[in-house]
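Both complexes shown next keep chain A, but they swap its partner, so chain B is in the first and chain C is in the second.
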Partner chain A sequence: MIRAMRQHLIRPRLFWQVLSVETRKLMAYRFDFWATTVVSFAVNLGIAYALWRAIFDASGQEEIGGFDFVAMMRYYVTVLIVRRLVRVHERQRGLSADIYEGTLTRYRLYPTPYLPMKYAEHLGGLLPAVVQVVVLIAAVLLVAPGDVVARALAALTPGALVMGLGAIAVANLLSYLLIVPIQGIAFWADNVWALDTMMRFLASFFGGILVPLALFPDAARAVVQWLPFAYLYDLPVRAVTGQLGWSEWALGMLAGSGWCVALALIGSWVWHRGDRIYTGVGI
Partner chain B sequence: MARYLRLYAAFLRFSFSRAFEFRFDFYFRVAMDVIFYAVSLGFFHVLYRHTSNLGGWTEAQAYIFVSGFLMVDAIHMTFFSNNQWWLPIFINRGDLDYHLTRPVSSLFMLSLREFAANSFLNLVLAAGLMAWAIGRYPEPLGAGRIALFATLLVAGAVLRYLVRMCFIIPVFWLHSNNGLNEINWSLDELSDRPHQIFYGATRLALLTVLPFGVIVSVPAHALFGAAPWTSALHVAAVVVGYFVVVVAWWQMGLRAYSSASS
Partner chain C sequence: MAVIEVDGLRKVFHVHRKAPGFWNSVRALVKRQTVEKVAVKDVSFAVEEGEIVGLLGANGAGKTTVVKMLAGIVHPTRGDARVLGMRPSTRDDRLRRQMALIMGQKAQLWWDLPAADSFLLLKEIYQIPEARYREQLDQLAAMLQVEDELYVQLRRLSLGERMKMELIAALLHTPRVVYLDEPTIGLDLTAQRAVREFVLRYRREHAPAMLVTSHYMEDIERLCPRILILRQGELVYDGSLREVIARYARTKVVIAHLAPQETPVVPHASLAALGTVTLDDDGATLKLEVPRDAVTTAAARLLEHHPVLDLAIEDEPVGAVIERIQQAQGDEHAEDAVVADAIGARARVEEGRA
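Up next, the complex of A and B:
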């Protein structure tokens, strides 16, 4: 039993080594690394600002779905930052590339399990993301008016910070586990990028990146709560912005963790089935 | 001209036969675009629950605008996207050599040789969506204006291709355009929103040098606005300007190109 479990575990030292190699690799391409994040953040925030300014002006309302304009902007800043920490690689095609290119063969010879090793690579993207997030937050604090910053900081209590970090950790794992079964379909299909892109569209909409889930119709919100996407972005954002009590947070964490377990089982099953039909040439 | 048409017909035949060889990819791409269409419509549906007007447009007008950018996206995916995906790889690997020796324009060959048959089905779906959005519009729009709108959307799709080329051509000098690609994809999101929501220098830039507002929003403006021909001239001027720049820049790139294959 213990031996069987060990087959699915990776040694902590190796896990750390893989993680640090990936971190250094990402930091090496500095222009891509910074340009991608900064432009994406600025464009998305600029669009959100223009869009919601137009909506607030046209509707004449002070508050929409519980958000005034400042709270709405704070939501978008937070969700864009949370997205950077949760989905650390913008396009995650490493697993399917290993299948297509036959590099999976090499990993089959290593005395360590493949999927945890790839999770170490996934986490390797987290440290550069944290560096970027710190810079982005500093830039926002410099640009935003003082009263807006004061309001945002007042909501960020130690409790909110703890809940937010916990929710981001679960969301990061969930983000990885969501792509594992999809990438595993590469054992049978010639190309899975369309599935990965489809998942990104769904996560953006039902996770609350495009528009806060609080603005959805009640019936849609009731359904969305049962999907994994709400635990990717919506839960961490509500935790960080102080909108969650401990009991609501604990329930959300339980649901997010439940999705992690379910997706880990599905992913493991898909990879086990795929592994049986895999043929690769060379190492 | 006839030679180019014959060549394009051959591209179509190869593309359809290849698409049916990779059936999973065919179905996945159709499903992906259907999800994209649903998400785009859902997004505007949620927004219009909280306002009756966005950038001067009603919900019915916004749905026509959305169907317009889905149409432009489908045209781009069908005719240009795969080719633009491969272009930087060809340049870096030295595969451009094979195309430079052929007796046709290299830009034509490399931009249009791969027709995405799987996205063609989505083009049909997007056209159906546009017919639905126009059909449910509460006032008569007039056949002339609808024809002008459709024509300007095709021009918008060409403009999207030209803008994208401006982010690809630097690969002749930089040898990697991953960062530029990502920047382009980020900026491209500006074309999915009505240009009227932006103000000042941002709006001016979106209507001229970074013409993401010209791709769909100005054509929609031609459909609903008081001066459709002014909008049409605006789109035509930006497309022609960008075409001249891209062709000249491509020639410069070819002069800087040194084969990596031999």
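Up next, the complex of A and C:
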């Protein structure tokens, strides 16, 4: 029993080593490293700016759903930074690519479980993401008006920071566990690009990247709270911007962790089944 | 004691088939045709400690599938395989710590990193103590002469250097079972020789059980005293390489080096009746490929009708013999011989087990 359980766990030293190798890999290509920071952030923020400027101007309202224009921009800056720390990798197709290209074979030979090892790889993207986020925050602080910066910093209390970091940690794990069962379908379907894109869209929409969840109708918001996506971006953003009390945060963390457990079980089942039909490319 | 024991191993794959053309592609969106492909048919054999066995067969014969099943990558449909007494399909860590697979066609190392970084990761994966890791790495890198390349990004190395790094990666943890799937594919002659010599030296020092697949006959001749031949998933030969020649070689080649002559050499007419005659471009060497029982007659006629300086008799190339066994289907005589031999091979394996 204990041996069976140990076969699903990875040693901390190995976890760190895998994480470190992934970090080194990501930082090996300077152009890609900086391009993912600047292009992705600038494009997304540019679209949000143009869209909401037009909406505010056309409606003639000062506030929409409790957000004035500055608060709306602050929301998008925060959510894009949180997304960088949660999703970590721009392209999250590593697992299905391992099946499709046969690189899973390499991991099958190692005396260590595959999915935790891949989570270590996923987490390996965190340090480069932190470096990129620091650069982005510095750029925003330089560009944004002083009073906007002061308001944002005032909301970032030590409590909000602790809650924010905790929520980002759970969201990061959740982000990985969401793709495990989806990408495991590649055992049967080979190519899961469409599912992957669909999942990315759902996560962006119901997680609050495209539109803040606060702007959703009440009924829709009630439904969204039962889905895992709200715990990816919405919860960390609200935590870090000081909109959450401790009890609301704890409840959100519990729900996010519950989703992690459920997805880990589903993912493990899918991979166990798929494993039996894996061919290692070619027969 | 056998390290690898295979008993009635079978693997059936389900593969999709689609007829070519636009409309067939559209049709395949709704309905797909699935066919069963028997990649490995009830194969049985055993490999002892310290033994290197060559696994031969044409493309698609099932060699790699056998290796994948023995490495625990692919689950068998039927039959039993045990490696060091454990079933590979259970992926027991105790077995995986003592096993290695090197695939010449597939890189196992991390493309974007220097090999030294990958080796450090493998040290952690296999929990190799620092001192042993250092000693093993130094020794392997020196044997393969790649000490200077350890710190260069893998993708910037030549194919031969990359294969050497793959060998180091696979052997760092000193496995007791090693599968080499086409280890010299695509390498130049020098690199091929280096890999072969390294494998032999590793075997001398560590005595692992090794299973080698290769399409290069020189790999097999140099490395494997014993071979297994697969044909369309079936094991049709299990025995010594030398025995293959004795049993299946139909011809011998008589080579005569001729004394210089003023007039162009014309092979004597009586030679053509014995077998195939070839004369090299400068007319100095005459080759006569004849049935084995006609060798003495051929040699006598050559000596009688031509000014022979030197005479040599060679066996039919082993590659040609094996190729014939692999492609025996359709040739009734060869088919019978091969099937009879396969039955004998299985009987020998079963006797060995008993």
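The rule is simple: the second predicted complex is superposed on the first by the 280 of 283 C-alpha atoms of A that agree within 3 Å, B and C clash if a C-alpha of one lies under 4 Å from a C-alpha of the other, contacts with A are read in each partner's own complex, and residues count from 1 in each chain.
Going forward, a residue touches a chain if its C-beta (ideal position, glycine included) is under 8 Å from a C-beta of that chain, and two chains touch if they have at least 3 such contacts.
On a predicted model such as this, the values are computed, not experimentally measured, just so you know.
Peer 1: Figure out whether A:Gly159 sits in contact with chain B (first) or chain C (second), or with both, or with neither.
Peer 2: Neither partner.
Peer 1: According to the stated criteria, A:Gly102 is in contact with first (chain B), second (chain C), both, or neither; which is it?
Peer 2: In the superposition, A:Gly102 touches chain C alone.
Peer 1: Thinking of the overlay built on chain A, is A:Pro116 touched by chain B (first), by chain C (second), by both, or by neither?
Peer 2: A:Pro116 contacts neither chain B nor chain C.
Peer 1: After lining up the shared chain so the two structures overlap, which partner does A:Asn191 touch, if you call chain B first and chain C second: first, second, both or neither?
Peer 2: In the superposition, A:Asn191 contacts chain B only.
Peer 1: Under the stated touch criterion, which partner chain does A:Phe205 make contact with: chain B (first), chain C (second), both, or neither?
Peer 2: In the superposed model, A:Phe205 contacts chain B only, not chain C.
Peer 1: Look at A:Arg53 in the shared chain and tell me whether it touches chain B only, chain C only, both, or neither; answer first, second, both or neither.
Peer 2: first
Peer 1: Just to be sure I read the superposition right, which of the two partners does A:Asn44 touch: chain B = first, chain C = second, or both, or neither?
Peer 2: first
Peer 1: Just to be sure I read the superposition right, which of the two partners does A:Arg276 touch: chain B = first, chain C = second, or both, or neither?
Peer 2: A:Arg276: touches chain C, not chain B.
Peer 1: With both structures superposed, pick whichever of chain B and chain C touches the larger number of chain A residues.
Peer 2: Partner with more touched residues of chain A: B.
Peer 1: Where on chain A do the contacts from chain B and from chain C line up?
Peer 2: 29
Peer 1: In the complex, go through chain A and note every residue touching chain C.
Peer 2: Within the complex, chain A touches chain C at residues 7, 11, 13-14, 17-18, 21, 24-25, 28-29, 102, 105-106, 108-112, 275-276, 278-280, 282-283.
Peer 1: Can you list the chain A residues touching chain B in their complex?
Peer 2: Going through chain A, the ones touching chain B are 29, 31-33, 35-36, 39-40, 43-44, 46-47, 50-51, 53-55, 58-59, 61, 64-65, 90, 188-192, 194-195, 197-198, 201-202, 204-205, 210-211, 215-217.
Peer 1: Give every residue of chain C touching chain A within the complex, in rising order.
Peer 2: Those residues of chain C that touch chain A are 13, 15, 37, 39, 64-65, 68, 71-75, 91, 93-94, 96-97, 99-101, 103, 106, 108, 110, 112-113, 117-118, 120-121, 124-127, 153.
Peer 1: Which stretch or stretches of chain B touch chain A in the complex?
Peer 2: 22, 24-25, 28-29, 31-32, 35-36, 39, 42-43, 46-47, 49-55, 176, 178-180, 182-183, 186-187, 189-190, 193, 196-199, 202
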